[in-house]
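Both of the next two complexes hold subunit A, though its partner changes from subunit B to subunit C.
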Partner chain A sequence: MLMIPCPWCGERAEVEFAYGGEGGLSRPVVPGDLSDGEWADYVYFRKNPKGTHCELWHHLHGCGRYFEVVRDTVDNKVHGSAESGSDIRGVSDVKKV
Partner chain B sequence: MSRHSRRIIGRGRVNFGRTLRFRFDGAEYVGHEGDTLTSALLANGVWLAGRSFKYHRRRGFYAAGAEETNALVEVRGMDGLRAPNRPASELRLYDGMEAFSQNCSPSLRYDIGALRGSLFAPFLGAGFYYKTFMGPTRKGWRFYEHMIRRAAGMGRLSEDVMDHAQHESANLFTDVLVIGSGPAGLAAAGAAAASGARVTLVERDFAAGGSLLGERGGSQADIWRRRILSFLEESENVRIFLRTECFGAYDGNCFGMVERLREAGESGAGSRSRLWRVRARRVILASGALERPLVCEGNDLPGVVLSSAARLWLTRWGVLPERRIVIAANNDSAWETAEELAFAGMEVGAKITLLDARREGAGSERLQRLRMRGVEIHLGYVPIAVRGGRRVKGLLAAPFDADANIVVLDNDNDNDNDGDGDDGAGSNGGGDSAGEGGTDEGTTNEGAVKESAEAMETDNGVGDTAGKVAGKTRYFAADMVCLSGGLDPNLRLWSQRGLSPRYDEKIAAFVPGDEMPPGWEVVGGARGTFSRGEAIKEGRRAAEAAVGSRAASFGADDDNGGALADIFTIDDGDELARGGWRVAPCPLWLSRGGEDAFSRRAFVDLSGDVTVKDMAIAVREGYNQPEHAKRYTTAGMGADQGKTSGTNAAGILSLFAKRKMERLGTARPPYTPVEIASLAGAEVGRHFRPVRRSPLHDVHLREGVQWIESGEWMRARYYPASPQESVEAGYVRESAAVRGGVGMTDVSTLGKILVQGADAEKFLERVYVNNIASLKSGRVRYGVMLRDDGMVFDDGTLTRTKDGGFWITTTTANAGAVLQRLEFLHQAEWRDLEVFLTSVSDSWAGIAVAGRESLSVVSSVFADDDIASLPHMGALEVLYGGEFARVHRMSFSGERAYEVFVAAHFGVSLWERLREAGSERGIVPYGLEALDALRVEKGHITVSEIDGRVTLADLRFEGMLRRKSGLAVGVPLGRRAGLTDGDRPCLTGLRPLGAGQRIESGSVLFGMDGEMSGHGEGWVSSACYSGECGGYIALGFLSRARAREGEEVRCFNPVGRSVVVARVVSPCFVDSEGERMR
Partner chain C sequence: MQRYSAFSLVRHALSEHKHWRRAWRSPAPKPRYDAIIVGGGGHGLGTAYYLARHHNLKNIAVLERGWIGGGNTGRNTTIIRSNYLQEESQGLYELARKMWETLSQELNYNVMFSPRGVLNLCHDEHELKGLRRRVFANQARGVRGEFLTPREVKQFCPPMRVDCPRLPVVGASLQRNAGTARHDAVAWGYARAADRLGVDIIENCTVNGFDIRDGAVRGVRTTRGDIAAPKVALVPAGHAGVLANLAGFRLPIESRPLQALVSEPVKPCLDTVVMSGAIHGYVSQSDKGELVIGGGADSYNGYSQRGSPHVLAGSIAAVCHLFPQFRRLRMLRSWGGVVDIAPDASAILSAAPVGGIYVNCGWGTGGFKATPGSAFAFAHLVAKGEPHLKGRAFTLARFATGRLIDEHSAAAVAH
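The block that comes next holds the complex of A and B.
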């Protein structure tokens, strides 16, 4: 079971959280400009990498915030977390809270 | 032999003052407090414990710990409850225990399965299932199914007895978790405890000490054990768990443990087990090592045991089951066993013979000591075959010459007891010719020993560890044969963290690599340190590293430290430090070289009946990768899980496949079987998931409600007018009351969310496909949310409140999902919007009052003149009991209706006042069934229609999509050609042609022509009886429904396989102009 560092509450057990999918995605600003293919990329396609992964977690049974976590999918090591929208993709040494 | 002579006076840690009576397979026996079922039965001269899984061979007691996979028994609990597959070695004896052997029919002694086993044995070899049931011969399943179904599975569960025992769960946080209470674990716990850290010591056994329990009472090792234990017990920061299995190691140093408080049949108060979720800062794994057997012909006969077990039976329980004992080994551990057995055996005239594959044995000092004790020692000998029928009769051994070429004994001349005839009285082992009297040097196979160059290539480098047999065989008569093929570090928990051990040639076993999970240390036997003095040092060092340097110097002035410093003062020359291995073992995977020289009775994995021959077949047929060989043979996949078989199987595979040593398979939790009941804990029956109750729950009870479970909610289904009234009669009556006058129903379960903040409107504009900007204060609007892929997600209402915020409702079912989705959109997608979302679902009680008399009922409760003038889809904020309340005029039934929301604690009072106000007009409470029938009549949708597969156009809402901005969720993808295709099934009404005919929900729709197969042209989503229509009606989805109104379709119900012909009609059956509700 992971220990997840919530930027607001500190390290808490995984059972308090809900997974929120891949992080660091940005919603199209001018939706009409996107082709169906580009929309499909945004809606359906995710990276699912082996290794460092930026993802969202929702502190469902805590403060209720969504935030970004960088986790290694191989060893489940959590490298750090930050408020949602910080774009910490690719960061492997985010300061631990 | 008389009953009690198998106990050695003065030995063991059993309380002979307390006698326990128990039954095994119906026969009565007596044991003592401190016994296990194994020790008590052995003391009673019982060797036969069960039948094997596949071939139903007789099996005896084999081990003294978790590695016992032979003697799995069923414990009969209260009310006849069966608790199967309990290792007899782990069952602490209690008064009145009732245990049964497994895999036997009709009885353990006479087993039909054994006959089956012998008849079919040749067919059940490696890959049997794959070969027989796949490819061209797969029809074989029909032929074998009956037999295999009976043989499959181990043990039996209670089918008709409910387990009423309680199981509980708890959380534990600790600084240092020490797993295992052997020398290394005790030392680690002691050193860590001295620092003041919170220390948790976990031991699966019901006594602490691990291998120290194999030491004679009063010995230096035993005294050390007791001293450090009493130190730990007195330390307030130490928690000791006995009889507790740490079965799983998970991320973040989280561990699962089961504390066994009682056996199934053991009386006592409180829970039977306790599941612990442990979170540890530092972890010290001191799980010790498990002994593995040597693999030779007949190594599964009752009376063949692990050498470590024989030693523990004696030292811990005072049981010496037999007097003529042969020990065959390749390592030092067996010498300690021999010494203990000889020491006790002298008094009772026991004859101990020790065979060691190593020419030098365990060194000259030990050799002399053992010879002085009367142990007969043969160095350089390996076991070839265990002889016997029902029981062990002797051991055939041969010289082992590490330098010679491989020599294979002729296959047949040593009189194999072919055919598994171990039930037949006449069957015997070939070794009987050597006589029963002693260790006559029966040269039974003189001349049968011949060189066989082709049997095994000798220059491949890996052949060294195959048993190389040279010279004359010798026969040793014996009643018990102890095998020791080396020690395997118990790395299950460590491996569960995804790490692979490496093979260490020095100790011929798999040891942990350098990589450790964060915060872990592995110490003692688990690390491959088989010297006791070293293990204690390792445990102490690991603990000091874990807690920092504080423990390093146990201050003499410190209360605890002084005592501990004394405990840790151990000289290298002390008996305590001397225990363990001194001379390297000699790896030995087989005691006969060459794959074809084996009959199918040399067992690698006893629990799964996997033989050396199976391994040979797997390799011959190309399954020479460890993962393939494991699955093809099932080695290590049964109850044993590789505990005794893993390394031997790896060794044999390395020989046959000419590969380097590789572990077979990976380790996953649980380490030993965990009962589902323990994992479920208290969450069974009604406690399986929470039940949500409306704030009006009690008032429904007073109304004589019939409940229905809807998701987590208990909802009112209907209120029977009499005890005999059926559901259908009830909802038809209730609906008629609404259509004819007035009714009231509980709508408190709807999801309710407050959306506030400067950008609330902007936010909702992007969330709903409806226009929000035009929604005026004091007005209610129906709203639909889409998913990003364009499918309909949920529907509900929006109300703009006086303060500029919004009060939105969701369906009952999606209340949680909608809030989470909105939070996601707000926090992750549109962070720039200033919005606050608050769930107020539980803060409000809601009651809908529907029917043309509804206004008079509502307005008599709320003394607010504005109610009378409230238009359809209007909202009022009023006061009730001095607190805010909401009156929304809106209709789900199609009649004039009001939804009234008050603070949850006023719900009951509101219900009662509305009920009273409506009594003159004949108000009737209506339940979920009537609510559903009323909305079906009106063509309104619920989650039955919004099933995740329908679009706005499918629901005939396509107009919304056209007007909406592309910024809103789901709108761009909702416009995809595939989702707006006119051929898609869309919402329709259906009426059966025949009077009284009913359409079943879930039916598949077909046109009037053609075969009814496949997915058809649509489906029925909701159906009910309509009083207004005077018959059954239904809502469904049908391809091109609008154009087909008036046509007939067939409704095929795949469950009842019935067909009803129905006419396609408008989905609104009642008041299609909407005049009544306005």
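The block that comes next holds the complex of A and C.
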């Protein structure tokens, strides 16, 4: 089982959380300006990397907050987590929990 | 190639089985092929076979990173069915199911297709409505399916408890001509048959780059040297996104762990396949006697070929609710694969944004059953550049047009 470091509650077992998919995505400000292809890219296309992945987790059975985690998708090592919206994709800047 | 038959078995028995030849060659890669298939699982090997058999392309290579059938082909729970909801899926999966019936004869290799029936259970009123809708959709389009009451379920599958207080079975769909096959045999059978037609199967050969000029592919870079080809077909399952990234395009795919496990072998006790979407578990018994148990995919992206234990524990608990007598069985081994899940839980058989590259991926948690149909339709696409009638809805373009093929409800377990 993964151990997920919630920035507010500390490291907890994965069963307390719900996975929220790729992190760092923001909804286009004016969706109407997008072509169908660009909209599809926002809605459906994901980086899905083999390696370092920035992702959202939701502390469903805890504090209830969303936050971003940087995890390696090959060895499942968690490199850190931070409040959602902060830029933690550069792993060196990650607040270590 | 030596043909397998009762006669050849007797003949080799006389020489104590010392003179069987290798089922396929192990050639070094040539500098150039007419088509390269990346991925030596069932779908990739099948694609090579149908390209050689039906489209007269003989100078083909299949490049496999590890060994033949060592990925998801050798890791799935071998279930074959075609009771999907949408017309497009029914067409492709039913094509595949029909091909399973004669695949052993076609390949001269026993894939042990066993149409023992597949039961899809429902445990509440809403699920029952959804399942009835699916049965009617199947019947309307010639896919075999019927609806069973709890009493009929008990008659069809006596070992199962249908009146479990926590998970009462309120009905089930049954596809009688669905069942299981031997997964390894599918890879080996296609490999042997393709090899006979001149296809080079190259194992331990990782693709780590593409030669792309003027928007068209010219070849691939591999750990065993550069290989030129005007057509490259990607059939990489969980690693679809990795290869797409190397070729400079994106896919609407997320790769997640999916786990399964088998029990110690026991005497025959379950002669059908039982699946329940609501409780994330399904079970069948292999010919060796092991109970093969699978469940839902893990929630997070992962390439580790292992998942979290609580997901597996949930599947085991679900199966033990339905079959309390299985509680005392010991589990022999568990494993995981990397499944490529598309947003609509349907496959992608499509030309890629790079000229000459074709992708076959997105089979997610249920690709094994589709192997012959997927390979057949994909070979048509690769050879002709035009989609096969049964595969034409499964393009990448559907994500922009919105014509998705939503099969989340027909997947065996929710994901």
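One rule holds for everything that comes next: the second predicted complex is superposed on the first by the 94 of 97 C-alpha atoms of A that agree within 3 Å, B and C clash if a C-alpha of one lies under 4 Å from a C-alpha of the other, contacts with A are read in each partner's own complex, and residues count from 1 in each chain.
Please note the rule applied: a contact is a pair of C-beta atoms (placed from the backbone, for glycine too) under 8 Å apart; a residue touches a chain by one contact, two chains touch by 3 or more.
Just so it is clear, the model here is predicted, and its values are computed rather than measured.
Once subunit A is used to superpose the two complexes, subunit B occupies space that clashes with subunit C.
In the overlay built on the shared chain, the residue A:Ala18 is in contact with subunit B and with subunit C. Of the two partner chains, subunit C is the only one that A:Glu55 touches; subunit B does not reach it. When the two complexes are overlaid on their common chain A, residue A:Trp8 makes contact with neither subunit B nor subunit C. Shared-chain residue A:Arg27: touches subunit B; no touch with subunit C.
When the shared chain is aligned, subunit C comes close enough to touch A:Thr73, but subunit B does not. Contacts of A:Asp36 after superposition: both subunit B and subunit C are touched.
Subunit C is struck by only one stretch of subunit B after the chain A overlay, and of the options 346-354, 670-678 or 922-930 that stretch is 670-678. Subunit A residues 1-2, 14, 18, 36, 39, 43-44, 75-76 lie at the interface with subunit B in one structure and with subunit C in the other. Only residues 1-2, 14-15, 18-19, 21-22, 36-37, 39-41, 43-50, 53, 55, 71, 73-76 of subunit A touch subunit C when the two sit together in their complex. The part of subunit A that touches subunit B in the complex is made up of residues 1-3, 13-14, 18, 20, 23, 27, 31-32, 34, 36, 39, 42-44, 56, 58, 60, 64-66, 75-77, 84-85. On the side of subunit C, the complex with subunit A involves touching residues 239, 241-242, 245, 250-255, 299-304, 308-310, 343, 399-402. Those residues of subunit B that touch subunit A in the shared complex are 250-252, 254, 277, 279, 498, 518, 788-789, 820, 823-824, 827-831, 966-967, 971-973, 976.
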